[in-house]
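Two complexes, one shared chain (subunit A), two partners (subunit B, subunit C).
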Partner chain A sequence: MQLTIKYFGMLAEATSITEEQLQIDNCSVSELVEKLIHQYPALDKKDFKVAVNQQLVNHNYIINNKAEIALLPPFAGG
Partner chain B sequence: MEKKKLKNVFVQGAISSEFIGTSIAKHQTKTSIGAHNIFLGQVRADDIEGKIVTAIDYTAYEEMANQKFHEIREATFEKFDLTCMHIYHSLGKVNIGEICLFVFVSSPRRKVVFEALEYVVEAIKAEVPVFGKEIFEDQTHQWKQNS
Partner chain C sequence: MASNNRYNRQIILPEIGESGQQKLNASKVLVIGAGGLGCPVLQYLAAAGIGTIGIIDFDLVDTSNLHRQILYGDSVVGKNKALAAKSRLEDLNPIININAYPEKLTTENAISLFSQYDIIVDGSDNFSTRYLVNDACVITGKPLVYGAIFKYEGQVSVFNYKNGPTYRCLFPEPPKSGSVPSCAEIGVLGVLPGVIGSMQANEVLKIVLNLDHVLNGKLLMYDCLTTQSSTFSIPRVASEISKVLTLAQDFETVDYNLFCGIQKIKEISPETAFQVVNEAQFIDVREVHEQPKINSLKPVCISLDDLQKQINNLDKEKETIVFCQSGIRSKKAVEILQNHGFNNVSHIKKGALAIAEYQTLKEV
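Right, the complex of A and B next:
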C-alpha cells in the first residue's frame, strides 16, 4: 500500500522533509514509527502523536489501506 | 463531502485590531445578542534562559486543524446557548505584542459567554494541531509547547 507521510514542526526540522511517499505492507502504527525512526534517527525520543487520515490513533492501530499519516509534535496553538 | 464546507480559521500573519473592531461592529445588526466575550491570544516576550522571544512562526496541519476547529465549534454550540461564534488563528510569523488567536462568542445572556469562551479556548489549546517556533533575538529558535 502507498502511504503519504507528513512531518510537522520540530519533526519536519529533524527529518529535513515535510512530506514523502512510502510503499509498505500492512503494519501497525508502532511498526511504522519504528521504521521511520530507523530511517531518521533524529526522530528518536521526540514526543509526537500519530494521525491516520486526520484522526489521532494509538500505536496498536493497524494501517491496511492507502492513507495519509501525520507525525504531530506537541500542539502550540493560541 | 462535509469537509468541503469547513471554514478556514487561519489567517496569514498577525490579527489586526482593525479586523477585530470590524468583526465586533458586524454584530450590531444581531439584536438578540446581549453579551459578547472575546479572547485575544498575544505573543509574549518570554525569557528563556536569558534569551528573549521576539516572534512565533506558526505552522499547522491545516486540513486536520480546520476539521478540529469545526468539531470544537459544533460541540460548543451543543453545550451552550450561543447566537454565534468566530475563531481566527494566525499562520506564519507573529511578533511579540501582536495577536495570534481571536475567539469571539455571543449569546443573549452573559453567563453563557463566560463559560463558553473558556471551553473553546482550552479545547483549541489541547486539540488543534498547530505548531509554534519561538524565534529569539539572535535568530535561534525553540519549539513552543502548550502547558
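Right, the complex of A and C next:
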C-alpha cells in the first residue's frame, strides 16, 4: 500500500523533509514508527503522536490501506 | 448607547445581535500569559466586549518582545506584562473589567483563580505551565482554549469542552526536558503568534456565543510559510482525565517542573563539600590544563565535553559533587548527570576559584 507521511515542526527538521511517499505492507503504527526511526535516527529522541487520515491513533492501530500519516510533535512556545 | 455604537459592527451580524453582545458582556475569560499569544487574544477579547478579562503574567516587557507582543511599546519596557496589558486595554475598551495578576501561575493560586472565570486561554510558553493549566481546567471544569507555536508553525485546539478530550488526551506525557526548544532559543516570526492568538480569540467568542464548529476535539496545525492548515481529530481518553481528577485532592503539592523533567540544580559551598570529602565522588569538569588543581578533594577529572562518554565509569548511587573553574560548566554537568539517573548530585558554587580561596583562608 502507498502511504503519504507528513512531518510537522521539529520532526521536519529531524528528517529534512516535510512530506514523502512510502510503499509498505500492512503494519501497525509502532512498526511504521520503528521503520521511520531506522531511516531517520534523529526522530528517536523526539516526542510525537501519529494521525492516520487526520485521526489520532495509538501505537497498536493497524494501517491496512492507502493512507495519509501525520507525525505531530508538541509545541511549547507562546 | 455608546456601547452599542462600539459593538455595532458585530451586533448587526445575525449570529450575534443584541443577545450575543449581552453574552459577551456577561462572560469572564482568564488569559494565561500576556506574551506573543496572549497579546492578540487580549486585544480581540477586550475589543469585542468580553465583560471581565483576567491577565496573569509575572514577566516583564523586554525590547526583544516588541516584534510580536503588539500591546506593548517602548514606553513600557521593564514593566510587568499583566499591568502593562491592563493599562493598554483600558484605553482600548474602558467599559469592561480587567483584572491584572502580576504573578506566576502556581498550583497554589490556579484553582481559586480559574474558579472565578468561565473560559481559560493558554498563552504560556512552557510545558510545566501547560500541564498545570490543563489539569486545573479539568479539576475546575473549565473549557481550555489552547494555542502553541514553534518557529513558523502553530497549534490551536479547545480542550475540556462539552465532554471532549483534554490536553493530556493529546499528549499524555511531557516531552523529555530540553527536546522542544522555546521561542527565546530558536526564534519566531512575529506574525505567527498573531495568527494563532487571533484564532484562539475566535474560539473564545464562538464558545461564548454558543456557535457551531468550535475546535472541540480537533487539533488545528497551521504553517505560516506554506499557508497550509490541517485539522486532526483527538479522541477522548477517559483514563487520562480520571488520572487528573485524582490529583485534585493534593493539587497544591504537585510539582509540574519535576513532572516535566526540570529538576532543581543543587548548589553547595566549598565548606559543605569538604565536610563530605571522604564519602562523595568529586568530578572536576575542567580541561586538564586549567589551574589551580584541587587535589584535596581527590576529584576524577573528566572535561565537560567528555562527560557523556565516560558517564558509565561513574557510580550513580554515590553522592556526586561537580566543580569547574567558576560554576557555569559544572551546572551543565549536573544537568547531564541528572538526565542519566544521578539523583544525588550537586555542584560547587563559583568552582575551583572559590575552593582555592576557602583553602587559603582555612590555612591562615
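Here, the second predicted complex is superposed on the first by the 74 of 78 C-alpha atoms of A that agree within 3 Å, B and C clash if a C-alpha of one lies under 4 Å from a C-alpha of the other, contacts with A are read in each partner's own complex, and residues count from 1 in each chain.
Rule of thumb we're sticking to: a contact is a pair of C-beta atoms (placed from the backbone, for glycine too) under 8 Å apart; a residue touches a chain by one contact, two chains touch by 3 or more.
Note that the structure is predicted; figures quoted are calculated from it, not measured.
Shared-chain residue A:K45: touches subunit C; no touch with subunit B. Touch counts on subunit A: comparing subunit C and subunit B, the chain ahead is C. Of the two partner chains, both subunit B and subunit C are touched by A:P74. Using the contact criterion defined above for the overlaid structures, shared-chain residue A:I62 touches neither subunit B nor subunit C, since it reaches no partner.
In the superposition on chain A, A:G9 makes contact with both subunit B and subunit C. According to the touch criterion, the shared surface of subunit A, contacted by subunit B in one complex and subunit C in the other, consists of residues 6, 8-10, 51, 54, 70, 72-78.
Across the interface of their complex, subunit B is touched by residues 6, 8-10, 51, 54, 70, 72-78 of subunit A.
Against subunit C, in their complex, subunit A makes its touches with residues 6, 8-10, 45-47, 49, 51, 54-56, 70, 72-78.
Within the complex formed with subunit A, the subunit C residues making contact are 33, 35-38, 122-127, 130, 147-151, 153-155, 170-171, 173-176, 179-183, 188, 193, 219, 221, 230-235.
Here subunit B touches subunit A in the complex through residues 41, 56, 58-61, 63-65, 67, 89, 100-101, 121, 124-133, 143-146, going by the rule given at the top.
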